[in-house]
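Look at the two complexes coming up: chain A is in both, with chain B in one and chain C in the other.
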Partner chain A sequence: MKRLSAFLTLLRSRVKDLLSSPRLLSAIIEGGRMLIAILIAYLVAFMVIGIVSDDPAMAIRWFVLGPFSSATEFGEVLKNATPLLFAGIAACLIIRGGNFNMFTEGAFYAGGLVTALVAIGFEGPGFLAIVVPLAAGTLAAMLIGYIPAKLKAKYEVNEFVSSIMFNFIVMWIGIWLISNVVIDITSGDNATAPIPDASRLRILIENTNVTTGLLIALVIAIIAYLYMFKTRFGFRLRMTGDNRAFARGVGIDVARAGISSQLLGIGVAGLGGGVEILANYHRFNWKTLPGFGFDGFMVAIIAKNRPLLVPLAALFIGYLRSGADLMAFNSDVAQEVVQIIQGLILILVASEAFFSSAWFRGLLAKRMFRRKRFASATEVDRHA
Partner chain B sequence: MSTPILRMQGICKSYGPGIIAADDVSFTVDAGEIHALAGENGAGKTTLMKILFGMERPQSGDIYIRDERVLITDPNIAMAHGIGMVHQHFMLVDDLTVAENVILGIEPKKHGLLDREAARALVRSMAEQYDMSVDPDSFIRDLSVATKQKVEILKVLARRADIVILDEPTAVLTPQETKRFFEQLSALRKAGRTIIIITHKLSEIKTICDRITIMRKGRTVGTYDVASISEQEISRRMIGGDPSPDLIPEPVDPGPVLLSVQNVSCIAPSGKFALRDVHFDLRGGEMLGIVGVEGNGQRELVDILTGLRTAYDGTVILAGTTLRGMSIARIRHQGLSFVPEDRMTVGVNLDGSLLDNATAAIRDDRSFNVGPFQADRKLAAFARRLVSRYEVQHDSLRESIRHLSGGNMQKVVCGREIGICKTVLVADQPTRGVDVGAVRTIHDQIESLRRHGKAILLISSDLTEIRTLCRQAIVLHQGEIVARIDDLAGCSEEELGLYMLGLKRQDGRGATS
Partner chain C sequence: MREFFQLFATPGFYAMILQLSTPLVFAALAALVSNKAGVLNIGIEGAMVSAALSAALLSTLTGSAALGVLAGVLAGILMGLFFALCAVRLRTNHILVGIATNILASGVAVFIIYAVTGNKSDYPGIAMTPWNVPILKELPFIGEILFQNANPLIYLAVIAVIAVRFLFRRTVLGVRILAVGKNEVAAASVGISPARVKTIALMIAGGLAGFGGAYLSLGYMSGFNTGMVAGRGFIGIAAEAIGAGHPVATALFAVLFGAVNAFSLAAQTFPSFAIPYELLNTLPYLTTTIGLVIYSVLRYRKAHPSPTHKEIKP
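So, the complex of A and B:
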C-alpha cells in the first residue's frame, strides 16, 4: 500500500513535469487549436450539406466514412495525398526560406511533361527507365524555376508575381508542344505517345491505385526534414527565412540561401509532377495547370511548415477530397463542398489570434495567479 | 499635492507560463509630482507603463484615475483619460514638420481643411508656456535628438495629457542636454502636470524626482520619498543585494595593429557626409570608445567595419588585409565579430530557438559538422557552455529566444560574438536595455577578451559605460572625429559633452591610438 502511494506520487510529479515543459504544452495547444478549426469547418460544411441535400445523412455518411469503407477507397486517399505531399514539402522549403515562389505549380506541369517525354524517348533498362525520366523532369523544373529565383535575388523582382507569370508561360508552351510537336495522333487527343510500361510506377498495395510514388514522397519528406534541421545548409535557409538581417549579420549569404530554398522546392514539385504522371497517366495530356502547386501552400500552412507534419496534412486533405468524390458520386451534393472546409480550416489556422497560444496561456496564467496570490497572502501572514 | 491622481492595483501580467512581468503590482502617483519608476531591466517597469497606456492588457488588476475606476484597452482611451507616453524610440514622422507631427490625429480644422496657422500657433504657445523653444516649421529629420524629444513631449501635451510617462528619457542626451531637460520638467511640474519617469539612473532620481517606486522581478519593492532614501539604498533595493565592486581595467602591452581605418568617408542618403575622413588605428589589447550623440556617424562606421555597407571611400585594414570586396562571411572568418546595436532584428532571430541563436556563427565551422550533417551534440554542448558562463536564465535550449528577457537575449548575443572573436570585436551599445547584473557579466567578458590581446571598439551612448571600460576614446560629431582622448580619466563629462555637441573641438592634434 505504502509502495503504491509512493509510486503514485512519483508518477504524479513526473506527469506534472512533463505537462509543465513549455514545448509539450505548446504542442498540445497547437494540436487543440487545429482540432477546433477542423470541427468548426466540418460543422459549417454539414450545415451546407443539410441545406442543399434531400438526404443529408446519406451524403454526410459518404463524405465522412466513405473513404474508410474499403481498402480500395482508402487507397484513393493515399493516391490523392501523394502529389499533395510533394507539393507540401516543396512549399515548406520555399516558405521556410522566406520566399513565396508559386512556380511549384508550373514545376508540376514541366516536371510531368519532361518526365513523360524522356520516359517515351529513353526506354532504358530496369529501374533506370523510372529514375532517369524523373531526374530529367526534376532538373527541367529547377532550370526554369531558376529564372524567377535569380531575378528576385539579383533585381528584387517580386517572386510571387514573376513565378505566377512563369506558370502560364510553361503551361502554354506545354500545350503547344502536346498539340503540335509531340502529339500522338492515334490517341485522339492532344497528348503524347503512351508511356512505356517499364517506366510506370508499380502498384504498392493490391486492389488499390497506391503506387511506389507514395514511398518516394515519404522519403522526400524525411530528406527535406534532415536537410532543413540537420545540415548547415538548412540552418542557413531557416535563418534567412526567419530574419534576413540577422542571417546577413552572422555571415550567411542570404541571396544564395534564398535561391537554393526556391530551387529545392521547385525541384521537389517537379519530381512530384513526374511521379504523378508515371503513377496515374498513360499519356501526358494536361491542358490546364494541375493545381497541386497551390494546394501545396495550403498543406504547408496546415502543417505549420514542418516537413514531418506535411504527410499528416496531405493525408487529411487527401481524405477530404476522396470523401467529397464519394459523396458527389453517391448523393446529390456536389464535391465542391470540400472547398468550404478547406477554406475555413485555412482561415482558422492562419489567423494567429484565433485560440492563439497567447489566449490559452492567458487562461493558464490567470489560474496560476489565483493560486499564487493565495500563497503570497499566507506568506505575508507568516511574516506578520 | 498628496491627492493620488493615479492608482494601479493588483496588476498581474504574464506572457506565458513562467514568464511573469507583473505580479500583483500596486502603484500610486500623486497629482503634480515627478515620480520615478525605478528598477533593473526586466523588473516590469515598462510593462506596467504599457498597461497604463493601454498597449498591454493585464490578466487582472484595476486602474483608478482620480479615484474613478477606468478600463484602458487601447492607447486612444489612455489619451482620453489624460495619459500620455513618450517612448524610448521616438514615434515621429521624419518628413513632416514639427507642427504637423504635434497635431497629427488632432488636427485643427477650418472649413474642413487643415488649419496650418492654428497648428503653428498651438506649437508656439505651448513651446513658450513650457520653455521648450522649437521652430514649428522645421522638419523632424533635421532636428537633434534632444529637440526631437521636446517635440515628443509637446505632442503628448497637445493631447492634454495630465499624466506624462517618460520611458528612459535621458538615455540619448548629453550631460548638458540632460540638465536643460530637467529644467523643462520642473516647469511642467509647476504647470501642474504629473510626470512618471522610467529610469535606472540613480543620480537623476535624486536631482529631479519627488518620490520613487522601486520594482524588482515583477513586484513593487516599495514607494519612498526621494529625500528620505539614499542612492545606495535605492540601488540595494533595485538589485536585491549589494552591488558588485567596480571593474578596474588592467593595462596590457599593446599588440600589433589589428584594425586600421584610413581616411574613411561616406555619404548619407541626404547627400551630407555621414563620415568624413575618419582615421584611427586599433591595436591588440586596446579598447577604444566611440563617443557621440547618436546619429553622428556611428552606425555608418559600424556598418563599414562589419561589411554591411560597401559604399565608402578610404581604406579599412583588418589584421593585415583590406576589407574592400570581402563578404561578411570572409570578414567574420578574419576573426572580426560584432554585437549589433539592434538586438531585436540583427542581434537575434526571434523566431529561432536559444540554441539556433547561440550557435548561429559557428555552424560552418568544421568541428561542428560531420559530413553533410551538423554535430548536434557538440552544438548543444557549445550552447550549454555559453548559457552557463553568462548565466542566461532559460528553461531549455530548444525554447524560443523570444521568451528570454532583453538582458538574457543580449547575453546570448555577446556570448556568441565574444566567443568567436579572434581579432577585433565591434560592440555597438552592448548593454543598452540590459539589467545591472547582465551589464556586469557582459563588461567582464569584454574586458577579459581585451586582456587576451584582442582589439575592441566600443560604441556607446552611455558615457559611464565608456568611462568604465576604456582609457581611450574618440568623439564623433557629424561624422568627423572632433576629439581624441588619450586618458578618459583626465577628461570631465562636461568636456566630453561639449565635444559631443560640436561646441568644442581639438584641431590639428595627432591620433592617440
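So, the complex of A and C:
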C-alpha cells in the first residue's frame, strides 16, 4: 500500500513535469492551432459547396467520408499521398536550408521523364530495371537543379524567380521531347513508348493502387530525418537556414550548405517524379507541370518542416484530394474546392499571429476595454 | 533568314511586342510598388488570374468591356487586400502567402468556371474595342504600330509607369511607402502606421496586376482560359528585380521580355525556321533567367570588388 502510494506520487510528479514542460505545451498549442485552421478551411469549403451545389449534403458526404467507404478508396488516399510525401520531404530540406527553390516542380517533371526514358532504353535484370531508371531520374533533376542553387549561392540570384523560370523551360523541353524526339506514334498521343513491365513498381496491397513507391517514400522520410537531425551536415544545413550570419560566424560554409540542401531536396523531388511514373503511368505523357512542387511546400509547412511529420501531412492532403475526386465524380462540385482548403490552411498554419499569445492578448484587450489603447500598445511592442 | 529580317521590318511585329509587353509592364509595376513597401509579392500571378477571370465574367454579364476591366481591377485590389491581411495582420511569411494566394486564385478560377459553364478551362469574354487615333494613325510605320487598333490599356500602361514614378517622387503616400520599405521601425517612430501603408501599397499593386489580368482576357484575347497568365506575374517580378526599383527601367525590361515573347511567337510562323515551337516557347523564360543572372552578377561585382580590380585602379 505504501509502495503504491509512493509510486502514485512519483507518477503524479512525472505527469506534472511532463505537462509543465514547454515542449509538450507548445506541441498542444501547435496541434490546436492546426485543428482550428483546418476547421476554418473546411467551413469555408462547405459554404462554397453549399452555394454551388444542388445537393450539398451529398457532395459533402462524398468529400468527407468517401475515402473511407472501401479499401480501394482508401488505397487512393495512400496513392495520392505518395508523391506529396516526396514533395514534402523535398520542400523540408530546402526550406530548412533557408531557401525557396521552386525547382522541385520541374524536378518532378524532369525526374519522371528521364526515369521513363531510361526504363524504356535500359532493360536490366531484376531490381536493376527499377533502381537504375530511378537513379538516373534523380541525378538528372539534380544536375539541372544545380544551376539555380549555385547561382543563388554564388551571385545571390533570386532562387525563387530563377527556379520558376527553370520550371517552364524544363516543361517546354520535355513537351518538345515527347512530341518530336521520343514520341511513340502508336500511342495516339504525344507520349513515350510504353514502360516495360519489369520496371513498373509492384502493387503493395491487393485491390488497391498502392505500390512499393509508398515504402520508398517512407524510407526517404526517415533518411531525411536522420540526415537533418543526426548528422553534422544536417546540423550545418539547419544552422544556415535558421541564422545565416551566425552560421557563417561559427565557420560553417553557408554557400555549400545552401547548395547541398537545395540539391538534396531537388533530388528527392526527382525521385518522386520517377516513382510516380513507374507506379501509375504506362507511358510518360505529361503536358503540364504536375503541381507537386508547390504542393510539397504546403505539405512541409503543415508538417512544420519536420520530416517525420511529413507523412501525416501528406496523408491528410492525399485524403483531401481523393475525397474531392470522389465528390467531383459523384456530384456537381469540381474538385478544385480542395485548393481553397489548401490555400487557407497554408496561410493560417504559417501565420505567426493567428492564435498566438499576442493574438489572444489583442482579443482580450478588445473584449475587456473596448478601446484601442491596449491593442496599440501591442502594436508598438511588435515594432520595437 | 530573309524572313528573319523581314520580321523586323513589319510594323505588325512591333505592335505585337506592345501587346505582349503590356501585361508584363503592369505586373512589373505591381512588383515594384510592393517591393518598395518591403514586401516580396509573389501573389501577383494569382491576382492576375483572378482579375482576368472577373473581367471576362463581368464583361459577358453586363455586355460592357469597360465594366469588365473595372471588375478585373477591383478583383486585383481585393487580392492585394487579401495578401495584406495575411502578410501584415496574420504575419504569415510573404512567400508562403504568395504561394497560397496563387493556389487559391487558380483553384477558385477553375471552380467558378466549372460552376458557371460546366467546363474547366475556358470562359468567353467581350473584348475591348481597340482605338484608332485619327490623323496620327495615318503616319507611316509608327502610326501603324502605335495608333491603329491599339488597345486603350496599352496607353494606360505607359501612363501607369509615369504615375508610379510620380507616386514615389512627388506624393506623401509614395514617400511613406519608401520609408516603411526602408525601415519599418523608423517609420513607425515618426507616426506612420507600417501596417496601413503596406496594405495600401499592396492594394495599389493588386490594382496594377488587375489591369494586367483584365488586359489578358479582354484585350490580348477575348475570354479567359486557365493557363493564360502562364508565369507572366513571375516574369514581371524578374523584370522589377533587374530594373532595380526604377519604374522606367523596370518597364523597359518588361518590354524586352515582351519582345522576346513576340519573337518566339512570330518565329513559329516562319516556314524555313526549323526550330520547333516548343523550344521557341522557352525563350521568354530563358531570357528572363539570363537577364536576372547578368543583373545579379553585376550587382555582386559592385558589392564585392575583386582584389585584382582594386590593384589596377589606384
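Here is the rule we use: the second predicted complex is superposed on the first by the 344 of 384 C-alpha atoms of A that agree within 3 Å, B and C clash if a C-alpha of one lies under 4 Å from a C-alpha of the other, contacts with A are read in each partner's own complex, and residues count from 1 in each chain.
The rule we apply is simple: a contact is a pair of C-beta atoms (placed from the backbone, for glycine too) under 8 Å apart; a residue touches a chain by one contact, two chains touch by 3 or more.
Owing to the predicted nature of the structure, the values given are computational and were not obtained by experimental measurement.
Once the two complexes are overlaid on the shared chain, A:Val48 sits against chain C while remaining clear of chain B. In the superposition on chain A, A:Thr208 makes contact with neither chain B nor chain C. In the superposition on chain A, contact of A:Arg232 is made with chain B only, not with chain C. In the superposition on chain A, A:Phe246 makes contact with chain B only, not with chain C. Applying the stated contact rule after C-alpha superposition, one finds that A:Leu25 touches chain B and leaves chain C untouched. Applying the stated contact rule after C-alpha superposition, one finds that A:Val157 touches chain C and leaves chain B untouched. Residue by residue along chain A, chain B and chain C are tallied for touches, and C comes out ahead. Only residues 20-23, 25, 226, 230-232, 235-236, 238-239, 242-243, 245-253, 357-358, 361-362, 364-366, 368-369, 372-373, 376 of chain A touch chain B when the two sit together in their complex. Remark: chain B residues 12, 14-18, 20, 23-24, 59-60, 306, 308, 327-329, 331-333, 338, 340, 342, 345-352, 356, 360-361, 363-364, 369, 372-374, 376, 395-396, 398-399, 403 touch chain A in the complex.
Chain A makes touch with chain C in their complex at residues 48, 52, 100, 151, 154-158, 160-162, 164-166, 168-169, 172-173, 175-176, 179-180, 288, 294, 297-298, 301, 334, 336-340, 342-344, 346-348, 350-354, 379-380, 383-384.
By the touch rule above, chain C contacts chain A in their complex via residues 42, 86, 89-93, 95-97, 99-104, 106-108, 110-111, 114-115, 120, 184-185, 188, 194-195, 227, 230-231, 234-235, 237-238, 241, 276, 278-279, 281-282, 285-286, 288-289, 292-293, 296-297, 299-300.
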